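Common to both upcoming complexes is subunit A, partnered first by subunit B, then by subunit C.
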Partner chain A sequence: MSVAAERVATIPRPAANQWWRHRLVLVGAVIGALVIVYQAWSNGYQWPSALEWKSLSTGLDNFQTWLSDQQSSAHPNVVFSVLNGISTGLDDLVSWLATLFHDLTWAGTTALGVLVTLRFGGVRAGLWVMGAFLSFAAMGLWEDCVQTFALMFAAVILSLVVGMPLGVLAGRSDRFQRAITPVLDAMQIVPAFAYLMPIVILFSVGPGAAVITTMIYSVPPAVRITALGIRGVPANTVEAAAAMGATRLQMLAKVQLPLARKMLLLSVNQTILFALSMVVIAGLINTGQGLGSLVTNGLNTNPALALLAGAAIVIMAISIDRATEAMAERTDPARMHVTEAIRGRLRVATAATGAAIGLAVGIGYALDAGSAYTNVGGSPDWLQARLQSALDYVENPSTFVFSITSWIGNHLVEYGLQPLQNFFVETPAPVMLAGLTLIALLLSGLRPAVMTFAMLAVIGVVGEWGSAMDTASQVIVALVLTMIVAFPLGVWVAESARVATIVRPILDVLQTLPQLVYLIPFIYLMPVSIVPGIIAAVLYASPVVIRLVAAGIREVTPNTVEAAQAFGATRTQVLLKVKIPLARDAIMLGVNQGIIMVLAVVVIGGLVGSGGLGYEVAYGLQQGQFGPGVVASLAILALGIALDRVTRGNRRPRLEGNR
Partner chain B sequence: MTTTTVSADAVEPAGEQRGDPLIRAHGVWKVFGPHAERIIGSPDADLPRGELREKTGCVAAVRDVSLEVWPGEVFVVMGLSGSGKSTLVRTLIRLIEPTAGAIEITGRDVIAATPAELRDLRRHAVSMIFQHFGLLAHRRVIDNVAFGLEVQGVPKSKRLERAAEMLRLVGLEDAANQFPDQLSGGMQQRVGVARAFAVDPKVMLYDEPFSALDPLIRRDMQDEVCRLQEETGKTMIFITHDLPEALRLGDRIAIMRDGRFVQVGTPEEVVGSPADEYVANFVRDIPRSHVLTLRWIMRDARPGEEDGPRLDVQTTVREAVPMIAANERPVCAVDGAKVVGVVDRDAVLQAIAGERD
Partner chain C sequence: MTRHLPRRSRLLLPLLVLALGAAAFAAVGSATAGAKSCGTVTLNEQAWAGSTANTYVTKYVLEHNLGCKVNITQIAEVPVYQAMADGKTDAVLEDWGHVDQQKQYVTKQKTVVMIGPNGVTGLIGWYIPDYLMKQYPQFKTWKGLKGKETIFKSPESGSQGMFLGGDPSYQQKDRTLIKALGLNLKFVSVGAEAAQVARWTQLYKQHKPVLFYWYDPQYLNATYKLDMVQLPKRFKGCRDDEKQGGDPKLYACAYPTYTLEKLFSKKFATSGSPAVKFLKKWSWTNADQSLVASYIAGDHMSPDKAAEKWVKANPKVVKKWLT
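On to the complex of A and B.
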């Protein structure tokens, strides 16, 4: 299952064709008018400074100072003690987990991971996990992996503890589902980069803050997929149980949970992947050990090590994905057909697994293995040196590779980014504001337009108009590139089964990768500072857009297609005149999802000097400039919501599985 | 009112049911949609379905239905798809909350029942069998059959014993350890039937139990239900949209249209004298001679006719034809030893000829 698959599920019904053509023409007209205004009055009016809330940044700084004063004072304020309690509690949980893995010794930890996967997920999944452990050891990153795993594990457990009961509630009550959906949407729309700063202010840096950052991102899938699972239980089965007089509790325990078991495990799978993808970003505020901080620190100081750590994260993500997905498939009680005899055998297997793990722990102690196990076989220094020389080659201006990448980068800036940035930043702010609101009105309706207006106004008021428009221009370029890559590929995947079988596993892997990991290789490949973020964003968003486009085109009913063929339409005609127009809502959804995903990565690009809002957050984090950092975070949040609303289309929020 | 409503309690039960009815429903309404309760009693309530939906956004699935079912009786509700049959049967045990009306089962007031009382009713007094089976895919067949008892809190060994007995009853003892998705549709519905019988309820509700099955299996299952009915004497409400099925199983049949009962009567009454065009259309293709009995076509005996050849009054016309054809004299219809009427050739010919008009 893919990272964004649950959002893929809401493909709206097609609206009338005419309506759309109309709107698109009008949107084109609005853009044309904006361009004319830009040509005529560029730099005429900026955001009026009378409408800026200039003291916000200092106010935030004062708040932060007040908080840290509280920390040092003898009788801290209640609010502060609560916050402090949470963060130290979480710190303790993470370090307790790390200690647990240490106490198991490396032999025990490996046996635990591999054998449990083997028992519940089968041989193939077991081999994946085994391979992952071997590679961690070979890369010399064992200790960091353990730290990262402990952090992620804590975040996942807490996300599930919070998310699953909420999901069960949402699955059983339409009203609760309606209430919680916008909250979950908001949690997923906001780029992680935007809430790093506030969390640091409230919880200070450390594993606890990292766990909270991760949870904001990983609770929504836990809730959503759990609810989907509960709703997916056949209604007639639930009704039959009710007719037999089952209580609510019996219904849950004996009918709904067992039948939703596979989905519940998939929700664990998704929660883990979401959490893992956030662990890297969380490395920015958890400067201790772990793969995340290796990546974030290494970006500027030790690129080879950052690259290795990135690879370790990728391996961890893929192997956990495979393992949990296999477990979900193989333990589905509706398909397993567990009779008494089989149950007995399974019990024996479980006991044997437990015993083997215990034995491994024993052996670990006997060998005095400890867990500070770093290298077996390959030397990490040797590996790092090799990597470094490869990087040096790539970065050397006289090489062939460099000539290609710099050519691409320069052209992208010259013909795409620079003009667009000028257009966004230099068009008079009020005109831009009106234009974007109008586009939202045309594409999405009144309410989204009002929201767009409000959010853009917030950006102006907090004094981030210029940076936000800079970021917006990067987002648009990345989105256009994404569509250029993903749209034809999506069509191709939908049209050819062979292409689909080749592309699908690649998309699966791409979708399990954390956002930041995409960035790493391009920092070295692309010399221009804005470009790596853009390329990474395109790679990050493309798989989801490809899937949406393909799903939309494939969903066009065979009847319609048959009818067109009966009129003698060629394959191309069917595609252009029937399938693509009918799939346009799915395509619009792809634009909407794509723009949100692109924004998330583009702002991370601020870490490597891409400018815009992301850079202000990164700078704030690295320099301890809290006020400006939080203001920029706020602007990212507002920009995210605005971009979502502009591109939302006439899609109405629809409850899944609601009859 | 635009449509005539016939309430079941206006019609005397066929045969010799005595005592109090086991199920009694009076003036039951179910309206889906916003502010459903406001519709009832207002002029809107009599609008045709489509207009009501246009005007209020509500669907009146069941309208003012009353029925009484006596112990041991098979009461069939039939009607076209969407006529409200499933909704009606679900309101009886409040799987769907009725919008208005009074319901009593085994003397208990269902509408006023607390959740615990309602559970008790569902656990012990009434069982339901569903069109789409509603089996638990994650449990063995035998655990599915035992589920009702499990919900009641019966200990494991006891409930498995009872479930095994029920599986024998429906001829599925060999499938006990299999899983629902390993069985054919007919077998799955047998499991559904066994599950319903396992709790030994007084009342069985069948909601189109066999419409997902192919015709041959369906016939088998109907035989099965007839047999179980005879062996156990349960009271049944049986929903179907298949008229032959209704005629085969039903002691009385209620014909439902757009949420109302348009006719309630014995199979003979429904076939012999349809209440309106709608019912007449329904029964048009049914060979009358297969359904009508001598009771329906006999006339009073004239003096001297009472010593003719005798046939039971319950004999269908079709079965009576050979004897009537072979005899010059009218045949006497007897109930026990008593002659209740006579049937002559004209009456038979008329009954058969009536099939074609």
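On to the complex of A and C.
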């Protein structure tokens, strides 16, 4: 039976399957050779110091000092003036927005959010937003939420202002699309942690720097989805318009943009969510208050508060997501026929909404709420005390929980992380470099292999080979764990509709939770320094891998499955011999996305003891050691690109957003 | 916080509750009266509980006695110099002596001004639990550690002993120090202070050996019995700020006794605000600071409430600051 099933499975792409197996064997052989070399010459040949660019770090330090000196000089240099202008401009924008919300009073702000959502998004979405506002107040985080919202609002608006025109351009010109795609790829591959140092040098610390960090991450989805929308407009419609004599501008304004409406709104939605996911990292270089700062500072003084702030970020993300989605749906002109009468009624509703908001602001002032954003007395303390006692419990070494978690943590380090770290760090650098390049060549092809080689060489040249290999070993461990968790779950989700409905909301929450928030409980649960970062990385990357695996297995064409069943294959046989082999591209994509996400968390883990490149950046950031910090950032960037290229597989470079 | 609008009729209240379901909010009127021309003061709060105590006690006095509006920023020890130069924050109430930064911002740029000590004396060093010191009296000085490093072995230190490093944002030179002293220790940083505390307190509770970066005044020192390991005596020209670079041997000395300093941004120092006069005068003792810090970090009291409690219990000290 299994023979028959295998034959069926091989019919669609017989050659590819063989080729795939062949390659995996070769990759195994390369790894085997590396291990042999490691055994024979460990620690024998490190990156030659003659090939290190040592003055880079001091050069960067001098640049920072020079830039800082301009502050007090009588005739500041024009470079400084421009950078300073940008950062103060952004600072002012954020504080202006925060003041705006203050001036509306809490009553007015709540009314504005809820009623506008109610008017355009319907009752359900309105209730979501109201629930969010209530929970912010109940958690005692109102003021911080307002600050975060102001920061995010500024970042989203600017991202759209920058991203949408670029997206339109990319949608209309193939050449521009080709030119911009690698840049967008790089912006999303590189962990945000690596941007921080250069941004601090150029723009100092503050809300402005936080906005710029956020934008680097939230511009790409705006560009990608907009371009996708413009490209999705049917060609015959465009041709018809051209035949009618429409100019390029008319074409854009009257045909392409209106028809791409849905995608444009989706790009707004995605931009907001991407921006929100950066709030915590941006908090590291922000000066003001906000949820991000609560999380980063809470790591030091108040972990319970940090967890609460993380919850607030999730609530904010989910409610904004629901609200924008509902608004996009309900205001779709294609959805209903708007008669004069309905239009009139809608106008009245809009006017009523406006009046109600005005009234709420008035009431806010009448109640003397003024700028005093207040918290419910007592309740947040109570909530924090509860969280704190939970943390105290898991931290206590005499409890049962601790005996399990510390056992897991210690074994993970002793038998997983330490040996692998030694293997990566102590294998002679040139051999490791050659081996990784070969693997990239086998898995992904010539061009990615060249890129991998170049990036690894950059890491060596900037003098971060050891730290980078340390980080790489952690990434591999986290990736393997992610695959062990996510692969069976993904298969299960694809096979069972009930599991899918249970798992989905959990995955949603895991994906919106900021990376750093994951770390907090594990600092206490698994106090071996490297472990919290690894576990957090697994939790962060798993949802995406589960989704990709599930999608890949579901997409196997029903006829293939039916054919296999006609030959009498059992369910397990169909799964093992048909579905999983055919879904291998999706699974490879899962590995690729997983490795990038894992890297992002492992470097943030530097803040809580993951060592490697992440620690270098954290130390540089907090000790003002700009040169070494930027150098480590550069190495993270190079490592990210290299890991992406090694695991990219032989699929073509993404032309459109696939996240 | 200074709006004084009349309270309207209570009829509006139910309407509001119905319309917004905003019953969860409690409107607390702004209570500051008699605002002088103090304006806004921005204080920087740092990562340790002692700094939080400084910041919130002065905040309480600034708000309640001088009618200032106080903003708080949270920037790490070193980058805060640049932030003061940019005018993003006005004052740091506890600086642990950053030679390199002071050269750049105080001496050269003159954008940051040193105001004088805040009354607290700081110690940094290598600490071990008291039970371990009883077991190995030779650990009184660093020389006793030699050859005994593997006692401190941990999963992540491999064959070496573990030195548990401090928060990466704190003043430290331990990586260089270990190298200079030729000890077979692996520097392991677990990152932020909460993580470091979690780690060593867990080992302490299990009565296991641990050697770590620690400091005083610190509220936990009242709960845990810790002893300092003596490092080599300080010599002329010995260095503490790793940013200065140079031969590791230059760093082979104990940390100095820190007279903790107050720093103002130039702009704030010359602003003539009544806050400047008060903050120049403000200073308190190690005991005071540790008490407030233990309210905040030990009893999990909100910093504002902890400050209020201390200020109300010490009217004489506060009066002295204000005259």
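Throughout what follows, the second predicted complex is superposed on the first by the 617 of 659 C-alpha atoms of A that agree within 3 Å, B and C clash if a C-alpha of one lies under 4 Å from a C-alpha of the other, contacts with A are read in each partner's own complex, and residues count from 1 in each chain.
Methods note: contacts are C-beta pairs under 8 Å (C-beta built on N, C-alpha and C of every residue); 3 or more make two chains touch, one makes a residue touch a chain.
Fair warning: this is a prediction, and the values are worked out from it, not measured in the lab.
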{"item": "Which of subunit B and subunit C A:L367 touches, first, second, both or neither", "value": "second"}
{"item": "Touched partner set for A:N559, first subunit B, second subunit C, both or neither", "value": "neither"}
{"item": "Which superposed partner A:A241 touches (first subunit B, second subunit C, both, neither)", "value": "first"}
{"item": "Touched partner set for A:T572, first subunit B, second subunit C, both or neither", "value": "neither"}
{"item": "First, second, both or neither for A:S49, with subunit B first and subunit C second", "value": "neither"}
{"item": "Partner chain(s) touched by A:L607 [first = subunit B, second = subunit C, both, neither]", "value": "second"}
{"item": "First, second, both or neither for A:D381, with subunit B first and subunit C second", "value": "second"}
{"item": "Which partner reaches more residues of subunit A (counting touched residues only), subunit B or subunit C", "value": "C"}
{"item": "For the subunit B and subunit A complex, residues of the former touching the latter", "value": "93, 95, 118-124, 126-128, 130-138, 140, 147-148, 150-152, 177-179, 181-182, 195, 199"}
{"item": "Residues of subunit A that touch subunit C when the two form their complex", "value": "65, 68-69, 71-72, 106-107, 110-111, 114, 130, 133-134, 137-138, 142, 200, 204-206, 287-289, 293, 297, 299-304, 356, 359-360, 363, 365-372, 374-377, 381, 384-385, 388, 395-398, 402, 409-410, 413-414, 417-418, 523-524, 527-530, 532, 606-611, 615, 618-619, 621-625"}
{"item": "Subunit C to subunit A touching residues, read off their complex", "value": "1, 3-8, 12-13, 15-16, 19-22, 24-30, 47-49, 52, 71-79, 81-83, 85-86, 88-89, 101, 104-105, 108-111, 154-156, 158, 167-169, 188-195, 198-199, 201-202, 205-206, 242-243, 296-297, 300, 302"}
{"item": "Interface residues, subunit A side, partner subunit B - complex", "value": "234, 236-237, 239-247, 250, 254-255, 258-259, 261, 333-335, 337, 339-340"}
